[in-house]
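Chain lettering (A, B, C, D, E, F and G) follows the sequence in which the chains are written, and residue indices restart at 1 in each chain.
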């Protein structure tokens, strides 16, 4: 049976996720929340460039409009 | 008779698909879910550059907004 | 009398079409379906660059959001 | 009195128009149809680059989303 | 009191306006019409580059989606 | 208590504002109007590049879609 | 339990936040307001480039459409 994208997101709550954005930036952190626009809340988030953490953002709200993929 | 795009997507559930995104990135994996915005869920997904897998993402939710094509 | 764009698309079902996308990529194939967002389904689709087929995709769903033109 | 943009388009039916797209591509052809999204249907359409026809497309549906201007 | 943007546009009917688009193109002409999406109709319109008219378009419908500013 | 963005805009009516657009262009002028899409009307507006006025536009309607920030 | 993105934003009222925009510009300031589009109001805002304040904007309304992330 088909899994709805937002259900998959829901199952990833409190787990680490990788969020890829338009333009190539990525963020890694613990998924603490989301909404139907795929706006997401990450805790202990790091900004990642070429696989390497380049900045610690801690708590961060990412606007769904920029999201390319979310990988649990 | 005309085939509706989402019906074609539905028939591809649990089958391998290639997903092409804006900017040229592609993902290959097993289609596990989708919704009406063409958000899709892939399992065992690889990121592809110039035809070669460059990164294993495993489970991944791709936001429909970025999708250019999906090829079963 | 005015011809509605989607009616022209409808008349092209089961016929070869050329689909031009943002960024210049083009796809040629047999139009098997479409919806009101101009999402289209092509069969036996080839990706075209500078007039030359560069990749065979076979069955492909193209998201209307990326479509610039469709030429029957 | 103000002329509504779609009324001006309507009056151009069966007449030659120049359609300018985002990114600079232009198409010239006979306007055969349109809808409220400014999707248009051109007949005997040529793709124009720097004022010169570079490709004959014949019948073409152009997605309004890409249209910058239409000049009757 | 606040002036609504579309009211200001309405007062400019039959007057010359400069329309600036995304990407830097500009059009100068007589405003003959508009709608709520800021689609506009210009008469005797010239395309302007770096302050110089580079092409006469005459009557032109400009899609609001591309408009950055309109200056009466 | 939270201040709503449009209320802050409303309080800036008849005062000078700096409007930053996508792509880096900025406009400075007296805010004479706005609507819920953040379309704004500026009076005595100057186009600004790198902090320097490069063109006087006078009265100008700026489409909200292009606005990055408005600073009273 | 899931935290909704706008609730996290609400809890950051009157606290310093970092706002990252499309194209890489960032703003740091005290969050004074927001709405459901993620339009935000910052007080004592600085524009940041490569981690360094390059311009003081003071009070600023940022259009949600441009927001990539907000980090409390």
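General remarks:
In this text, a residue touches a chain if its C-beta (ideal position, glycine included) is under 8 Å from a C-beta of that chain, and two chains touch if they have at least 3 such contacts.
The model shown is predicted, which means the values in this text are computed figures rather than measured ones.
Any chain bridging chain E and chain G, meaning touching each of them, is among F; the list is complete. If you average the CA atoms of chain C and of chain E, the two centres end up 33 Å from each other.
Chain A and chain D have Cα centroids separated by 41 Å. Shared contact sites, meaning residues of chain G that touch two or more other chains, fall at 22, 65.
The cyclic arrangement of chains, read from chain A in the direction of chain B, is A, B, C, D, E, F, G.
Contact residues on chain C toward chain D in their complex (touch as defined above): 2-9, 18, 22, 38, 64-65, 67-72. Of all residues in chain G, those touching chain F in their complex are 10, 13, 21-23, 25, 27, 32-35, 39-41, 45, 57-63, 65-66.
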